[in-house]
Structures are given as structure tokens and as C-alpha cells.
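Written below as C-alpha cells is the structure these notes are about.
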Amino acid sequence: MSDRPNKAPAPPERSADPNQHFGKPEGGWREELYEVIFESHTRTGQVFDLVLIGAIVLSVVTVVLTSIAPVADAYGQWLLAAEWLFTLLFTVEYIGRLLCVKRPDRYARSFFGVIDLMSVVPSYISLFVPGSHVLLDVRILRLLRIFRILKLTLYIQEYSMLGDALLASRRKILIFLSVVFMIVFLLGTVMYVVEGPQHGYTSIPTAVYWAISTVTTVGFGDLVPKTDIGRAIASFMMLLGWGILAVPTGIISSEITHQRGVRALTERRCTRCMATGHEVGARFCKSCGEALPEETP
Amino acid sequence: MSDRPNKAPAPPERSADPNQHFGKPEGGWREELYEVIFESHTRTGQVFDLVLIGAIVLSVVTVVLTSIAPVADAYGQWLLAAEWLFTLLFTVEYIGRLLCVKRPDRYARSFFGVIDLMSVVPSYISLFVPGSHVLLDVRILRLLRIFRILKLTLYIQEYSMLGDALLASRRKILIFLSVVFMIVFLLGTVMYVVEGPQHGYTSIPTAVYWAISTVTTVGFGDLVPKTDIGRAIASFMMLLGWGILAVPTGIISSEITHQRGVRALTERRCTRCMATGHEVGARFCKSCGEALPEETP
Amino acid sequence: MSDRPNKAPAPPERSADPNQHFGKPEGGWREELYEVIFESHTRTGQVFDLVLIGAIVLSVVTVVLTSIAPVADAYGQWLLAAEWLFTLLFTVEYIGRLLCVKRPDRYARSFFGVIDLMSVVPSYISLFVPGSHVLLDVRILRLLRIFRILKLTLYIQEYSMLGDALLASRRKILIFLSVVFMIVFLLGTVMYVVEGPQHGYTSIPTAVYWAISTVTTVGFGDLVPKTDIGRAIASFMMLLGWGILAVPTGIISSEITHQRGVRALTERRCTRCMATGHEVGARFCKSCGEALPEETP
Amino acid sequence: MSDRPNKAPAPPERSADPNQHFGKPEGGWREELYEVIFESHTRTGQVFDLVLIGAIVLSVVTVVLTSIAPVADAYGQWLLAAEWLFTLLFTVEYIGRLLCVKRPDRYARSFFGVIDLMSVVPSYISLFVPGSHVLLDVRILRLLRIFRILKLTLYIQEYSMLGDALLASRRKILIFLSVVFMIVFLLGTVMYVVEGPQHGYTSIPTAVYWAISTVTTVGFGDLVPKTDIGRAIASFMMLLGWGILAVPTGIISSEITHQRGVRALTERRCTRCMATGHEVGARFCKSCGEALPEETP
């Protein structure tokens, strides 16, 4: 029995391509456009990706510079021109994406489809609605678009491992957060009663805001306990928050270690007999003695 | 010897139902009421749970809104009416719970029994004792009642694992906390001597409060060292507190990893020969070769 | 070969008794006194320990209360009387300890011998030297004496495991701290140059104090960067300090896990064949099949 | 198959000597000088190292003291004299290093070659360029030179293990940091919109600086949210930053545990049959039964 290698089935396919649901057209200029815009295995596609990343970064820099009053005063015209240049560029790109997918409706409703639209719409609205200052900052969401390109080309494995570890711990993390929420809510209310509005704890929400800033060890210092009992409770909360940080850390640590172990056991496969389940550090197949491939770090 | 599977006895029953000690009546309207109020496997019981969670959340929102002065001024009458509605509702529920359990005295003295009572009593007291403002905030404890329902239905396993890990580490955590307490007490006293009342360190308790806010890396900034020696000591305390946080984290991490390992070994059981003790990542029973059930994450 | 159990030699004796070096006298009233004062296996010894812990705690409370101006003003006479009562008590105890050990010189020079002396000396000095306010706070060191008693009776195993883990990681921790020290020193100097005395960074030590409070995420807020470059450097330092906290945590986590593993392998011993080296979760001796003792958590 | 020990090839040589590329001359005074300056296995070389460490520390102390206004005013002449003494000493040392290596160009362009040069150049520049205050602080980089000596002689193994763990986790850490950067950028912009310049959030970079100080739990308190929505977002950011700290900690913890395991498996080698791959805690060679060397902590 012990001689039977674990002939594991191939691990389930993990789709790294977030564009898969929109459908790639077959043949014609639409397929060519799709390969340039959505994929990155052709040379033109890679150039497109690089240009797009550059445009996104520059357009975000434009938004940031516009927010700095002295810079906006001095170079306002140039920044406005740059902004419209990027808006037109991204509009063309958005239309291109809509045109070349098989299912434009699916793309338009997808996460990145919405982000793409929100990258250009605020500028157009500002033409008609004066003073739509707030809306313009929505353009900063363009930054998220970089992730699409990174996700396609790089670090897929690390993303998926961190994602899996967080996903697998989500129930434990949720419980932890609900307990922490309960604590800050109850202790915040206690502080509201103990310190009261005369020391700045003007309402329960304000006191809970202070409690969160204390338990998370941020400690802005805009609100501080003034009474002796308040300071004693605050001391307890600080020690508590500092100490229980160990809990989520332990959860994630244990989960990442586990994920690593499972991957090591399932991903290293003997090239001769295809057996998996080799221990970390093993150099030869436990079943047929063939030298094993190196472990990926 | 090595062929003998670990025919482990079933793990000890872990009571997930916090109501077990009160006794479920047999037959009659009391059993029906018990099933609705205390259990959640009937449809009516689930509806009851949902309605109760809703009422609890809304009543807590009422308490929070009452604490915000502008809101209380504008909608005081409505908030008062809502508060009395919830108080009556919870009173009826409390009486119902008392009626349908076999041992009402046990229920009344249990943790959730006391919480249930404290959810309604402050409102009644406020009728007779004017200005019992502080007492009213006790109603925020109603929030804890949500845990009873969550505990009954969801996440029992995660709760018990986190609880077990914390319980198993309690002696190490206690030692760590006693050492930390010693450190903040001694260094707080040193700062009281070094900085003195003229820089705000008016007494040893105040200095210890500051020491705790420094070692836990909260750093409110209401008290700060002004002298050079004081700043040197504060620097040492900051580095110390930042660094030794690693100790409880290490304790809990190691404990959670251990708990996970023990559970993996004891909970995965071969469906054919009932053997346990299978390694993490194993796919087939080490004793009879049967395919094993999947690991729970 | 595989049948040979690891007949490990007994683990090296770990002296839990910090008094071992002073020598226990044989026979006579000195042995009896030694057993009461230094040991805790007789009933009188246990009563002595409890009384001593009570006296220590009360005397520390006296010191703390004396530091609070309103309390000292109101109850100054009583606090002074209590202080002298405890001083006399601890003096008698110190003389008793000197008398009943075989090597009083060794005791007097030992860690706890010095602490014992420093618990009483400041009070006597204050008789002759007026205004020795600072010296009086040395009495807070009495708190450390509680550890002697705890160490003797409780939690020895947990203490030694945490101690071993920290000891085994000391070289890695030292390297980490030296790198952190280098970073705060260099970046503190940079901030001294960038922000300068006009923004409060009056000297390199002050800037380093600020750098430490930033990297350790304490952030008192008494000094803050005002220039744009300064804020950029501060942002980098905050992210750095927040992130590299993971390093000592990882070191200690890994070490505690290792210590636990080694102890599990060396401490669980088959009662029939005395073999050690049983895996975590194993229920039967791997060598003779006898049921193993339970694992200690 | 199971009897075949893992006869692992020797692990790849890890060059601990950062001077290896410069070439050691053979014979003559240059070899002798090289052995004194660059190596530490001769007695003269060790004395040289100690003197150099002393000179570096003293010269850094001089720089620090010069930055403290009262000290500089009182002892300015002495500090200037000491500074020039150290500058001359380090100049002689730098020339000596250039003379005794085979490839002086390589040395001059190496990391420590540049640091050595930057340790002396600012002082000379200050002779010709008046008011080069800022430049003088570059001398603090001398501190880095201590690492060269430490690296040569001590703690090489710990350095390399921590370095390997960080190196192996660099992709995961990079992903984590990019996600955190995205979060502080987006939420900082939101706060810029919500709180606005009237509450101190004068531009997006300022708001991002605040967001970083909040997410990393530093919380200087120079900028704080004043509106209710702002406080709610800040509360979310504090909880987020406090919680996701668990992710890098988990990554590094898992990596250090892994590195330790791999080293334990590959570095412990049976002295009789040269087999590696012995489990942690094993006392005898799994292949030939010889007693194994002790595990290094």
C-alpha cells in the first residue's frame, strides 16, 4: 500500500485571465485588436501595455498636481490640457475595448469595465456641470487599472497564494473583527459615560472613533482621557489592542504556512512516475527514486 | 505494529448550544415555545432569530442616535417611543424565555440571562429615578445578545478553535503580560522621577498611563518627554514595546499552527477503516488505501 | 535500525530554584528558617510567601499613593507610618535571609539580594539626607521581589520555554536591532538636515528620538515634519517600521514553534520502553505500541 | 530505496568576504597590508579592526555633538580638531586600501569603497565651500563602515538566513506593498475630498501622507479628521492597517520557518555516512544509526 504513489489529478485550472468571460472574437480586425488590447503575448500587445501604464501613471500625476494649489495656479492651463489629452486617449481605448470583445455588455458590467468608464466620465461631466470638483477626484481610480495589466503578466502565483490564504482565513478573521468591533463599541460607550462631552467625547460614535484609534494603537491624540478612571480604561484598551493583534497574525501565519505546505506536497511532481506528496527538503522521489525538480521558493 | 491504524475514540462532544443547562421541556406549548426561542432548526425559530437580530440592531442604533445631541434635540420623541417599543418587546421575550425553560432559575443566573435582564431594566429604572443617564447606556450591552444567535447557528468550529488556541496559550500570555506590566510600572516610575510634575508626569499612575501608551506604540502625545534623559528612556521604551510584540504573536501563531495540526490528525477519519492520524496533504488512508475525505480549510 | 527507540538521556537539569547557590544549612533553627523563607513546600513557608506578597503589594501601593499630590496631602502621616512599617518588616526579613543561608556573602551579591537591600535602604537614607525624593522611588523595585516567589512556585516551564526561545533567537534579534538602529540614526540625521531646528529638529539626538518614535509607529506628534520632502521621508519611515516589524515576529514565531517541536519530541516518553521522539499527534509508541501519555499543551 | 541516504552535494559556497573581488596581492608589503586592513585572522588585523571601530564610533559621536547647539558653542574648537584628526586617519586608511588591493578601481567603485570616500570628502569640501553644513552630515554614513567589520567576523550565518528569508519573500512583500500603496492613495484622495483644505488636507500628497500615518498606526495627530464621515473612513483605515499587518508577518514567519527547516535538513550531515535529510529532533542517523551532531539553534 505504502508503495502506491499519490497519483494526484492535475490541480484545478486557475484562471489568471480576468478577461475570459468577455469572449475573444475569431478572425478579422477584431481578433487582432483584442490581442493587442486584452492580451500581452504579442509584441504589439506588450508595447500597448507599456504605453497604457505610462499614460495611467502620468494622468494620475496630473490629478495629484492639480490638487496642489500653488502648482495648479502656476500651470493650470497645461494640467487641463494634459487631462483632456488623457481623457480622449482613455475614451478611444474604452471604445476599442467595447468594439473588440464578443460580449460588450459583459465587459461594460465587469469590474474593470466600470473602472474604465469611471476613468473618463468625470471629465465629460465637468464640461456641463460647473464646480464638479469632487467628481474629478474619481479619476484617481485609474490607478486600479494598472492592476489589470500586472495581474495578466506578473506575479500571478504570489497573488493567488496570498489570496487563497486570506480567503481560507476569512471566517476566522470575520470572527476576530466582530469581537474587536464589539469591544470598541462597548468600551467606547463606557468612555462616553466616564469622560463625557466636557472632555470631547461628545457622542457614542465619537467615542467609538476614539476607541478604535486606541485599540489599533494609532493614538492620534485629538481626543484623550482626562479623568483617572478614563486613563485606567484607556490603559487597558491599549494593552488589549496591542496584545490581540497577535490573533490575526497567528491566523494568517498559520494559514500561509499551511498553503505553502499543501502546494509543496501537490505541486512537486516526479518527472518519471508522476507521484506527488514529497516532503519539503526531499531530493528524490519517494516512490521511484528519481531526482525531484527543485522546490520553488 | 505500524499496520495498526490509530483507531481513535470519537473526539469528546463539544457543546455548541449554550442553552443546554436550562433543560428543554417535553411536550406542550412550552416545548414549542422553547424550539422557537432557543433553537433555530425550525422555520419559525429562524424567523424569530432574524426578527430578534433586527430588533437588537435597531434598538442599539436608537441608543447611539440618542447620544448625538443634535439628533436627540430634533427627534427626541421618536427615539423615546422606539426605545419603549424595544424595551417592551425584549421584556416579553425575557418572560417567554423564563416560562419555557425547565429550570428558569438557571437561565436567570446564566451569562445571557443576566444580559437579557440588563437589556430592559435600565429603561424601567429611568421611570422612577430621574436623571439616570449613565444607567441608560447599559442598554448597549444588548449588542452582546447577537453573539448568542451567531453562536448557535454559525462559525461554531472557528470560535472553538480560536478559543482553544487562546486557552492553551493563557499561561504564556499571562507571564508575558506580567513582565510587560512590571516594565511599564518600573519605567513609568523612572519617568516620574526624571520628568517630574512640571512636564505633566504628575503622579506615578499618570506616568504609568504614559508608559503603557508608549510601550504599546499608541503614543497619544498628550504627555511627552521634554528632557534629554526622558527622551532617551522613551526611545528605549518605544523600541522595546515595538519589538516584544513579537512574543505574544509568536505564542499565538505557534499555538494556532499546533491546533490546526492536531485537528487535522484527529478529525480526518478514513470512511472505510475509521483510522485517523493522516498527514496533512495525504490523499489516501495510510492504513487501508481508501480515498480520504477532503481537508477542511 | 528503525526499531531502535531514541533512548534519550534525561534532559539536563534546569535549576528553577534561584537560591541554590547560597547553600541550605543542615539542621538547627537555621535550616527551619531557610525552609520558611526560601522554600515553599512546607505550610509555614507557603503562609510566609503569601504574607510577603501581600506586604510587597501594599508597600508598592503606599509608594504609588504618596506620589499622588492630593492623597499625599490628605493622608501623608498614615502613608509615612505604613512606609516605615514595611521598611522594618523587610529589614527583619533581609537580616533573616542573611542569617539562615550558608553563604551570606553570595546571597548579598546575588540579583535578589541586591533588590532586597534596595527595598529598604532608601527609607533609611531619607532619615539622614533631607530631600532624597528621587531615592525613595527606588522602593518601587520591591515589585521585582514578587517574581522570586512566582518563579519558585508557578509557571516554571512556561518561563523557561519563553526564555529559551528568546535566548535562541538573541543573535538574530541583535542583528535586526542593529540594522534598525542604523536606519533610525541615518534617517534621523537626514531629517535633521531636511527639517532643521526651525521645525523642532534641534539636534541629531532629537531627530533620532523622532525617528524612533516614527519607525516604531508610536508617533507622539510632539515633533512632526512640516516640509514636503520631510513628509515624504516620514511616509517612507512609517511604512518601513510598520513592515519590518514582521521580521522579529517571524524570528520569534519560528523559534517558539521549533522549541515546542523539540520539547514534544524529547519530553513525551513511552512508559513501557522509555522511547522518545514520538510525532505530534501520535497516540501509540512508535517502537512498542504502548499507549503514549497525553501531550502537554 | 528507503535505505539510500540523501547524499547531498555540499551546499553552494556563500561568500562572506565582501572584499573578494578586489584581489589579494601575493607577497611583499602589499599582501601584509592587505591582511591587516581587509582580513581579521592575524593579530595585527584584529587590533586594526578594533582601532577602526573605535575611531568610527568616536568620529560619529563628534558629528552628533557638533549638532547640539550648546555643546558646539562650548567645545566647538575641540570638536573641529577631533573631526580633522578622524578625517586624516580615514584618509590614510582609504589610501592604504587603494594601495594594497590588486584592483583599486574595483574597490573604489564597490559599495564600501564609495562609503569610505564619502566619509572623508565632505570635510575637505568644507575647506573650500563655506557653509556646506548639509554636506557635513554625510559623514554620519561612516557608521555603515562598522557593518563591514561585523560582517567579516561575526554573525555571518544569521545575516545570511535573515537575508535569504527576506529575499525569498520579496515578490509577496512587493505585492503586499503595492496593494497597501493603492489603498493609501485611494483613501487619501477620498479624505482630501471629504475633509478638504479647511481641515488641513491641503493637497492629495498631504492627504496621502496622513493616510500612511493612519494605516501604519503611527497617528502623529498633526492632521486629524474633523467631519463625521472623515472619522468613519479613518476608523476603517485604522482597523484595516492594524489588521493587514498580519499579512507581511505571516509571509516572513512562514519563510523563516521554511528556511530553518531546509537548513536543518541540508546542513546536518552524518559524520560516518555523510547522509543529510535528518528530521528536526532526530538524534541518530536515519541511514546508519551513528549519533548525529547537535542541531545549531
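Chains here go by letter, A, B, C and D, matching the order in which they are written, and residues are numbered from 1 within each.
Everything below uses one rule, namely that a residue touches a chain if its C-beta (ideal position, glycine included) is under 8 Å from a C-beta of that chain, and two chains touch if they have at least 3 such contacts.
Chain by chain, the UniProt names read as follows: A, B, C, D = Ion transporter.
Remember, predicted model here, so these are calculated numbers, not experimental data.
**Student:** So subunit C (Ion transporter) and subunit D (Ion transporter): same face meeting same face, with over half the numbers shared, or different?
**Tutor:** Both copies, subunit C (Ion transporter) as well as subunit D (Ion transporter), present different residues to each other, with under half of the numbers appearing on both sides.
**Student:** Farthest chain from subunit C (Ion transporter), going by mean C-alpha coordinates, please.
**Tutor:** It is A.
**Student:** Give the rotation angle, in degrees and rounded to the nearest 5, that superposes the C-alpha atoms of subunit B (Ion transporter) onto those of its identical copy subunit C (Ion transporter).
**Tutor:** An angle of 90 degrees brings one copy onto the other.
**Student:** Could you see whether A-C or A-D has the larger number of C-beta contact pairs?
**Tutor:** Of A-C and A-D, it is A-D that has more C-beta pairs in contact.
**Student:** Return the distance between the CA-based centres of subunit A (Ion transporter) and subunit D (Ion transporter), expressed in whole Å.
**Tutor:** 29
**Student:** Report, in whole Å, the distance between the mean C-alpha point of subunit A (Ion transporter) and the mean C-alpha point of subunit C (Ion transporter).
**Tutor:** 41
**Student:** Among the residues of subunit B (Ion transporter), which ones contact at least 2 other chains?
**Tutor:** 205, 217-221, 241, 245, 249, 251, 253-254, 257
**Student:** For the complex, give me every residue of subunit A (Ion transporter) touching subunit B (Ion transporter).
**Tutor:** It is residues 1-2, 4, 6, 8, 168, 171-172, 174-176, 178, 182, 185-186, 189-190, 192-193, 197, 202-205, 214, 217-221, 224, 228, 231-232, 234-235, 238-239, 241-243, 245-247, 249-251, 253-254, 257-258, 261-262, 265-266, 277 of subunit A (Ion transporter) that touch subunit B (Ion transporter).
**Student:** Spell out the part of subunit D (Ion transporter) that touches subunit C (Ion transporter) in their complex, as residue ranges.
**Tutor:** 63-64, 67-69, 134, 137, 140-141, 143-144, 147, 150, 155, 158-159, 161-162, 165-166, 173, 177, 180, 205-206, 208-209, 212-213, 215-222, 241, 245, 248-249, 251-257, 260, 280-284, 286, 288-289, 297
**Student:** Applying the document's contact rule, which stretches of subunit C (Ion transporter) touch subunit A (Ion transporter) when the two form their complex?
**Tutor:** Result: residues 217-221, 249, 253 of subunit C (Ion transporter) touch subunit A (Ion transporter).
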